[in-house]
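Shared between the two complexes below is subunit A, which has subunit B as its partner in the first and subunit C in the second.
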Partner chain A sequence: MGPAARLLAGLALRLATALPAVFCLLALTFVLMRLLPGDPVSLMASNPGGDAAERAALAARLGLDAPLAEQFGGWLAALARGDLGRSVVTGQPVAADLAARLPASLELTLCGFGLALAAALPCGLWAARHPGSAGDHALRLLGACGAALPGFVSGLMLVLVFYHGLGWAPDPTGRFDLFAGPPPRVTGFALIDTLLAGDTAAFRDAAARLVLPSLTLALFVFAPLMRVTRGALLAVFASDYMLNARALGLTRRQRLLTWGLGNAAVPVLMVSATLFGALLGASVLVETVFTWPGVGRYAVEALQAGDYAAVQGFVLLMAGLFVLITLVADLAALALDARMLPA
Partner chain B sequence: MRVRLGRAAGAGVALLVLLALFGPLLAPFDPLASGAGPALAPPSARHWAGTDQIGRDVLSRLLHAARLDLALALGAVVLAGGVGAALGTASGLLGGWPDRVLGRLAEVAMAFPLFVLALALVAVLGADGRAILLATAAINLPVFIRLARAETAARREAGWVEAARLAGNGPWRLVTRFLLPDIAPLLAVQASVTLGWALLNAAGLSFLGLGVQPPTPEWGIMVAEGARYLAAGKWWLTVFPGLALGLAVLCFTLAGDALRDALDPRA
Partner chain C sequence: MTHPTRRDLLLGAAAGALAPALPGAALARSREDTLRYVVGTVWNGLDPAGFGNSREAIGLSANVYDRLVRFGRKPEGGAFTFDFDTIEPELCESFSRSEDGLTLTFRLRPDATWHDGSPVTAQDIKWSLDRAVSAETMARAQLATGSLTDPAQFEVTDARTVTVRLPRADRLALPNLATVHAPMFNARLARAHATEADPWATEWLQANTAAGGAYRVERRSADGQQVVLSRFGDWRSGPPPALENVIVQTVPEASTRALLVERGDADLCLDLMPADITRFEREGAPRVISAAIPSGFTALCFNTGLPPFDDARVRRAVALALPYAQIFAQAGEGRGEPLYGAAAPSGGAFPQPMPFDTDMGAAAALLAEAGFADGFETELSYGVSKATWADPAAALIQEALSSLGITLRIRKLPDAQMAEVITAKSAPLLLERSLALFPSTEYFFRIFLAGDQRWNFSSWRNPEVEALLPEARFEPDAEAYEAIATRLVELVAEEVPMAPLWRPVQDIALAEGLEGYTTNYFYKADFRQLSRG
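The block that comes next holds the complex of A and B.
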């Protein structure tokens, strides 16, 4: 097999092992929804105690009289058509609601993760070069402090210092200036849409509004990212092939660039995928603090209102994103390290 | 340096436990009594951490909250650790395809954004302390299953386990007398680190208004309520419960790391 065919085979194998897990998650979500308090038949019946004939008719119309397995099948079929049900709060289809809010969440999570990577990779490299030094310990403690503060606390503290205290940051009320309003929607990403509209002032405002929430998310994942970078590089530095490279007379920079970074990249990549998923979960809290109009805030409002179709849609969206991210990371790891390919 | 940090964290954990046990006795005021002082007063000699919007003493509320938050986190970790260890050792000892399926499931579940799952679970269980405890335990279960399973599988064929088996010990005695005591220190390390996460989880759910309900003193609720007065410059309502939470999590995480270093010098 050529390398491309092996790459495809490797990917197919990963996908095949991910599918049972996705199925389990779908089944779990379905069961959770059935366990939720508030039975739709009682909600729709004309009198609460209920006349049995009317209740049975309602159950038949809603498909609730069918065996559970059949209901599950019907639900899966609707899911395959992209039908997630209708939100009670907004009155819109849940899929449309989520699609409208997802870019805001993705933009925030990507910025936060990018910021964390930009800080954690150089710090991890420095710590691996000077293991056991005072700076190494200081970075470790700093990272542990950042990871210990929950997102909602660090977010509020950043608002307290940089908005209320110093006045450097814009008010924590969403993605756009309330008076200027959002730019024409093309991609849904504030940074891209403002640029497409040619409005540099709005672009600067949108970027400024992203800083504090991104920083809050970055604080949360900086420590684990730095730790895995440091650990991977330490393992690489201690390896025989790096000794060999040294014996060949390569300079420190050449050794690092040719063999060091590539070999350390795989563990960092795998941990990154997990952390990105955790970040998506954590953004629920951060979106609440910054009144960010993303999917997390939508889910919290739905939970508080008992809007279960919306909550379920959110859980499924997160599961889908998680599978996608894992696949992308797997693919990148396969491309980086041929030893992970099936022979 | 690492050792000193670990000792400091251990002392912090001991202090937290003492506060959870005796904190309510030290509290100068009733945590629920409004009008313990003027409303929204900044920290002073009488009210060390200030007062909130209806004049309740913040320090007293912080001390009472310590007991509830630690009890919730500890309860969740004990539950997750107990069930996880039982399932994991049984699975690892028996082996076969059920073991492989459970292992794979635990691994996938660990990577899933679990806070999202906790949100859904709390929606099913209702908004109270019991729901938080169960949801937090559920999402921390996979870590313990994976650990107990891997460590049991690694010991299954070991000479001393084989010897114990030949000496006539049944599977039950094998697990309770031989395997579990050997794995227990590793589970303890995991429990210490997980306590920090559980604390964050429980407080996060309450912060969103999905967990323990006001007026119960709880750190997450206190942060959420205090945040409304942040714009008016009443920083003490948010900063003190936030710091209490952060410090507690930091102590558990660092203590867990130190414990791991002490037990397993290779890592």
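The block that comes next holds the complex of A and C.
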């Protein structure tokens, strides 16, 4: 088999193994949601009556009166038609809810992650070049502080200083200026849609609103990214091939650019993929502080209200995204290092 | 499925067409004419009584839909509060009640129109009332509390007159018609979206409006976090609202809401943390109004159906062991009115201060008399959403009861689970806060202290109470009603189904110069009478 065929076969295998995993995850979520204590029907039936007959009618309306297997079968059949069910919290179809919120989460995570990468890579490189120096220790301390502060604490502190204290930042209430209204929705990404609408003022506003939440996220992932960059580079610097290159008389810049960065990039890429996926779903607290209409907060609200369809939809979305992200990371790693081609 | 309505498409197209020509400005609105209202929860449907709709959604609908009648208002502490005893015409021009109290007659305004410009007809009113008692919404059970149950009760007598016939002279029939549970719909518009499976258009009305109230829904974001209301110029059911636009925005983090109000970026907020409210009061800005909630209560509820609390002596012993003053000061931040420490119950209003106060000696004696001299083990449950006040209250109760030998485990439950526990009536002790829709003693007892429904937190089935309630409900004479209510209150003092702690207040933070705030029976913002002074 040639490398291209091997690559395709590897990809197919990867997707095939992901499917059962996703299915198991969905089945587990489905059962767990219903096993967990908490009854959405009791929560919804807030009438003065709230009696058994009303609850039974509500359960029937929500399709919760059928046996579990039947419910799961029904949900899978609907899923095959692209129907994720309807959320009891928002009253909207889950697919529409997720589609409305995913771009906000993606945009925030991309910006936060980009910011973290832009800071962590040079810092990691510098620290690897000067291991054990005072600067190395200072960077480590900074990273530890950022990672140790929960997102909502650093977020609230940033809001206090830059919005309430200095008045530099716009109010932390979402992605658009409330009084101007959102731009016509094309992609759902604030930065792109405002540009497409040709509205530079709205673009600047949307960008300004992204700064603090992105910074909060970046603070959180800066430390692991910098540490892994530093570690990977140190390992590369200590490797035999780098020693060989040095013996051949190549300059430090040549050694770094030719062999160093490419080899060190693979572990950084792998960690980045995992961190990015985790950030996407886990930035709930940051989304809460900045009133960011993202998927993470949607899932937590749904979980609290026992909103089964919404939680299942969220899990499915996250599973799909994880599969996709790891796939992309694998392909990128392959481009960097041909030895990773599946056998 | 949500299909964009024609109006959405037109608005979207208009916005798209204007945006390049007038960047930003086309849709920008003046800050002066606009109220920005920040809330903690999402609104999740436009039907005033849709199942599962949040209280926020219900409150919002009160500004969008009219009812036949409304409660009047009276001044209270620099603002206004609703007056349960005064009912005024809203969508109707006048109304009357027959001598025997069995017939209510509503005469419609000649000039009233719906948002789409079509006139309000008696047929619309009939359809709306039929829907309220027939469709699968929260309205059906609510209106039944006022003897409104059957479409046959509603009759169109002429083009502008509708009569409502009651099987008995129910005191709460008219108040029920003044609530958000009896909204008036543009029947022709709503009917056009009814289907065979959904004859009352419940699906369509969750995502669309067929209304004629003071404000119309101009825009709402897909995620349920922002709603823009604009004034309906042809509204005739009351004095024209002063504010042109209202932007309702969900801001989930309470401290962010406080910052917004403090900086003047938001004009109104009803759900702030007590710590922020006390800070605002100390600093003198933003302005804070504390509105009384006459039908509200915070209480320790005993499950009278489960041992050991099936014994009234044990309930009284615990009620005498609570550190009331400390609980009110720490858990309630001293805001509101104590519901303890009275010498004896007085009059028929409820909740009112009960004759329970801290008396450890008496508590220990009662406990010994009931056969629990060495105490017992039990658990206290409450929902996570009540943690702000319930955490300190539970800790204080736990400590106080331990000196009687009672070991209290504290169970803080997610709200969905709490709802399940309450419905199953499986928890021996609950910390609860709630309010009755109407400040009426008979209604309060019917909801919270009788029957087998969820809200009877104490599972209290006192035969005398259950016999007195129907009498009170249909008692036309005010004095006789008061006598029954007084007896009901005495029974709580004797039997102790709950130990009321304090009556909460609603703290409202509002921008400087915002006048006319009216606390309504649903304790959410009513924008119609607000103005900038």
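Heads up, the rule we're going with is that the second predicted complex is superposed on the first by the 296 of 343 C-alpha atoms of A that agree within 3 Å, B and C clash if a C-alpha of one lies under 4 Å from a C-alpha of the other, contacts with A are read in each partner's own complex, and residues count from 1 in each chain.
Note that in this section a contact is a pair of C-beta atoms (placed from the backbone, for glycine too) under 8 Å apart; a residue touches a chain by one contact, two chains touch by 3 or more.
Computed from a predicted structure; not experimentally measured.
Trainee: Which holds for A:F322: it touches subunit B only (first), subunit C only (second), both, or neither?
Mentor: Once the two structures are laid over each other on A, A:F322 reaches subunit B alone.
Trainee: Under the stated touch criterion, which partner chain does A:R55 make contact with: subunit B (first), subunit C (second), both, or neither?
Mentor: Only subunit C is touched by A:R55; subunit B is not.
Trainee: Applying the document's definition of touch, where does A:A148 land relative to subunit B and subunit C: first, second, both, or neither?
Mentor: Only subunit B is touched by A:A148; subunit C is not.
Trainee: What is the contact status of A:V289 with respect to subunit B (first) and subunit C (second): first, second, both, or neither?
Mentor: both
Trainee: Is A:D199 touching anything from subunit B or subunit C once the two structures are fitted on A? First, second, both or neither.
Mentor: A:D199 contacts subunit C only, not subunit B.
Trainee: Once the shared chain is lined up, is A:Q304 touching subunit B (first), subunit C (second), both, or neither of them?
Mentor: So A:Q304 meets both subunit B and subunit C here.
Trainee: Starting from the residues of subunit A touching subunit B, keep only those that also touch subunit C in the other complex, and list them.
Mentor: Residues common to the subunit A contacts of subunit C and of subunit B are 36-37, 152, 156, 159-160, 164, 288-289, 304, 306, listed in rising order.
Trainee: Would you tell me which residues of subunit B are touching subunit A in their complex?
Mentor: Checking each residue of subunit B against subunit A gives 1-2, 5, 104-105, 108-109, 111-117, 119-124, 126, 196, 200, 203-204, 207-210, 220, 223-224, 227, 230-231, 233, 235, 238-239, 242-243, 245-247, 249-250, 253-254.
Trainee: Considering only the defined contacts, which subunit A positions touch subunit C in the complex?
Mentor: 36-40, 42-51, 54-55, 57-58, 61, 88-93, 96-97, 100-101, 152, 156, 159-160, 163-164, 167, 171-174, 177-184, 197-202, 288-291, 293, 297-298, 301, 304-306
Trainee: List the residues on subunit A that touch subunit B in their complex, please.
Mentor: 17-18, 20-21, 24-25, 29, 32, 35-37, 134, 137, 141, 144-145, 147-153, 156-157, 159-160, 164, 273-274, 277-278, 280-282, 284-285, 288-289, 299-300, 303-304, 306, 308, 311-312, 314-315, 318-319, 322, 326
Trainee: Please output the residues of subunit C touching subunit A within their complex, sorted ascending.
Mentor: Within the complex, subunit C contacts subunit A at residues 1-2, 12, 15-16, 19-20, 23-24, 27-29, 31, 34, 36, 38, 42, 44-45, 50-53, 136, 138, 141-142, 144-145, 206-207, 219, 221-226, 228, 247, 249-253, 255-256, 259-260, 262-263, 265, 384, 413-417, 419-420, 422-423, 437, 446-447, 452-455.
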